[in-house]
């Protein structure tokens, strides 16, 4: 049986948990290899709690966030790797960009999840989106590393930002994550540095669950919402 | 086995052929009952060729367009009914609106296809869109004709207008209609009054086919494109 | 001391509670006369629970919803009146429109709260928005009932719809309602017909509270969010 | 020599002066027949000064505004007619709509000027826009009054609203009106009821003139700006 | 008494005068420390008049523009500093970006004014906007220079570009600057290199004044308009 | 007689043929000097067919694409130059940007054609757009290379991307290319590496032709469509 793959491109080491933890757990449970690529550890901008400890250093923060992310990925059933490109500001040069291209070519994901196009509160997120899309396009080019095979056209979905309306992000696809909700919570709770977000993202899942139910007539308790980058192609309106 | 139903709400008697003929044939072939509700015959605004015949009358035009639409629906495998609300301008009062509500409640469609939100070349089309959505909402109200059961939440898709960019319409879903393309062409060719559109909509299908292929990596020759009104709810990114 | 007034225009009898209950309680507490104008009782479309009782009639539903709305308004400290224009669909003719104009002219509100511009799930809400704005404009016309004085230019704010992103509604103003949250909850709980919304709108208030805190650096637990129709005019960036 | 025609559709009796007076004078000077169709006199909503006179009546206001509009049209070199549909709110039923269709069919204008799509300060303006476009579409229908010839596809341009950004209106075409500016001013000054607007629209013309110069490198002092409804068709990028 | 601070981030040395001179004078008059940070002198792209003098050099232009900007700031009551990053094109590397972060951390402004998101006539302006927002976000990160305290969440407002509609900029906040208009004019008139803009921005202030009056019912002669980047948080609809 | 010039800025070596070949041939026929500036050869991302040949090298692909582009330009009557900046990803540093500025200053084009603002399938295209606009702005700056004369304000038009709706591109100007269609086809057919696009762009021209006819009432068979970046300035609504 062929291994099926999905790729999650996350600006900081915890984004994938809050924003796509349910989808990751769902696909891992189905036997997919879900790989999370963290462009940074969120060491500067998303580790406020650690920085309040006296004598904290950048390396210790990075190490701490990496450990957490690894444990969360383990709980969700995903693999994870880190590019250590720095955060606030995230900076990815062309060498690093081509490493993302390599990940695409090696993994050959059937779908990709990443950040929103815009975020006036966080410039690393839109940059991660840009890189995820740009690397995907380069991976499709026949003349880039022509000895490798080109990538197909995996669809890309954008997970929910912290303040969705301010980011001009819109839910276009609801994924029912009720069956893996306990796993997402378990992964949440690893993120000791961001305990203030546990309740917030629990409520997000419940609100999106109510909306998913209302848009489908199905019974759904917890959901994640995604925006679609490319049109969907199929032979069915439903499903 | 339960009969499955789809509803197409068309401003004029031929719109469903050009814009959704492939999807209709596809679902008819799968055993669905696809019902087309024509709000008018397009007798004034979309029958130029008939009006060029000497001595033409409104009744003869209506009768001619109804016959054509019936034959096209037969070819596609759909049923069709007509509300005779007039065109250019289409005018639908609340009595007629509640008849559309009845159609929703009786048919209980699993999905609905109708016109785009805007069209600066044709005001009947956006009105049909408005009525299709408004009737759907009323059909969901527990207090409307409470002795009947309420409607669920069937998704609504908007078929392609004649000049898509001017209508702010965007393809969000491509349906592969290659397997029923010959039926769509046969239904086209019934529309003798609008022969000038045959080539136009053949090219539309080919262009959308190329785009569908490019967005999916699948081999697709002919496609129809739709915009989505409501978010999709499912447990799968693909499909 | 001059009585200060605010006007809330609500499509159905309960909308003002979920969407603006905090702001209403806040201003009532400050001694303002807050008047809620309900265009309908929400008798058909927002009273599902009552309709499930055997032998229910339209009049009993209306009476029930009116009683609830009155009790909720009492708790919030607002006055309320009802226009009984029907719902699903709401229909307001020019006679009724001019009654809304009269309310503007009599009340002379310093601000107005109403529904969003768009809502693909509910066509009564955008219609209420349209009527609220149109009546305001007529009330400003010197030649409309010229014996009365004209209205000034009260700002209008749009309260949060059920599925904000689908309605293209955007939070532009957060009001801290923490101090009156218990009143809003008490008003909530009067709405026995819509018990399923209690938790939903509690979570909305908490999410908007977190966002309000993040956008201001202030400690805020519960908030309501509003979109602005007109530009704000003042001599201060803050406040 | 064939008479060339242009049609201006104006919600109130003075709109055409402020918003399109330059273009009207320019084409009149070139020998065109420019016809202004005023849907109302602006008697209620745009005649504040007259209503401040004691004992003023609706009929006297209408008569006064009609006289002013006629004199302004004379100065600009245009003909003008009035439909007396009422203002604040403007209300145009289908009978009146078909009279506008008749105007299109009789005049056969080569271009049309009317109001913007949106205006949150004035609901008569967007309605005039809607009617202008809807009547144009009906006039193109072969089955509407088939004994008359159908209308071609005259382009439609939207003149500048009072608060352009709030109306989501955008200048896409600048017309240099420097050569007829004195005529526009003379027409302005007829509008005694709206003297407060003289300076405002003089400044609008100067600002648009600076912008027109900057976008073209030409020397332009006074300009009017328009938004385009339909794409332009030609064989030249310039011009 | 605590010193209150505001920060103006200006791409070129004169932008702050035309676009925010009134607001600066208003807050200076109230005792605030208003600091203007000029990313460049506008030496290449906004000093046409100086370049027409024979034998002009880049250094002399820079020096001239700096002197003018200093004098204008003095008149307005603001302090000013210059980063000399170059213009047409403005280029700001990460070292310079972190200097802007330092300015945020040192000044701790209560609000920030900068350029619009887009400007198809001037690419330095949107870049200044981007830098102003990015630096603000970095200044909020606990792990950036952790020995310093983090920045709060000062609101950001975008001043009016030269051709507002082309920049997709919208007035959302009008500030009454009538009381300091004479100071703004005095600052204007220092800008000898851009004399052609004096009248233009005088008219802008008058037009925005009329609009501010219309949106508030207050008497306002001169105003400046701003777009808001983040939602406003408060406990009052008015003010 | 003065030589008149136009500038086409193309990301890859073949874009100008598919997207603007008709306009180029039209102006060449009129005696204009139309210059095409290719930022890259499209060697990696748009040469799939060549890369399928065994032993292909980057240099051979570049050479092949350059030859094709030269032959196509010859057929269309244009001159062409190449900047060899690389593709997938295209990368243009400030030195190269200033070379584009030089081209503007030397050529002094009366109009410019380039790519769309956005393209989620191709990041080189929006970058070419950005560079074309940025270089134009720098070329207008009096202080850039002050010994040269500054550029005026040539209008810029954006040619049609491959999937127009996904790129948020909108046809605002149709150019009738029927008279030079055979030349465009001849230029097409040089592009052996992209034979799969011949039919696609033939259909694009026919669809745009139908739309151009419908928007003008003129007989037009083949057209190209463009979006406008800047407002048009003229003294005529038609033309």
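Chains here go by letter, A, B, C, D, E and F, matching the order in which they are written, and residues are numbered from 1 within each.
Keep this in mind: contacts are C-beta pairs under 8 Å (C-beta built on N, C-alpha and C of every residue); 3 or more make two chains touch, one makes a residue touch a chain.
Since the structure is predicted, the reported quantities are computational estimates derived from the model, not experimental observations.
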Chain-touch separation of chain B and chain E, in steps, is 2
Two candidates, E-F and D-F; the one with more touching C-beta pairs is D-F
So the chain most remote from chain D by C-alpha centre is A
From the listed A-B, A-C or B-D, the one duplicating C-D with over half its contact pairs the same is B-D
Cα centroid separation, chain A vs chain E, in Å, comes to 37
Distance in whole angstrom between the CA centres of chain A and chain D is 53
The positions of chain B in contact with two or more other chains are 121, 166, 171, 211, 214, 230-231
Those chain pairs meeting the touch criterion are A-B, A-C, A-E, A-F, B-C, B-D, B-F, C-D, C-E, D-E, D-F, E-F
Counting only contacts in the complex, chain A reaches chain F at residues 94, 97, 133-134, 137-138, 140-144, 146, 150, 229-231
Note: in the complex, chain F contacts chain A through residues 43-45, 47-48, 51-52, 56, 58, 61, 87-89, 91, 120-123, 166
Within the complex, chain A is touched by chain C residues 121, 162-166, 169-171, 199-200, 203-204, 206-207, 210-211, 214
The chain D residues in contact with chain F across the complex are 6, 23, 26, 110-111, 152-153, 155, 157, 171-176, 211-212, 214-218, 220, 223, 225-226, 228, 230-239
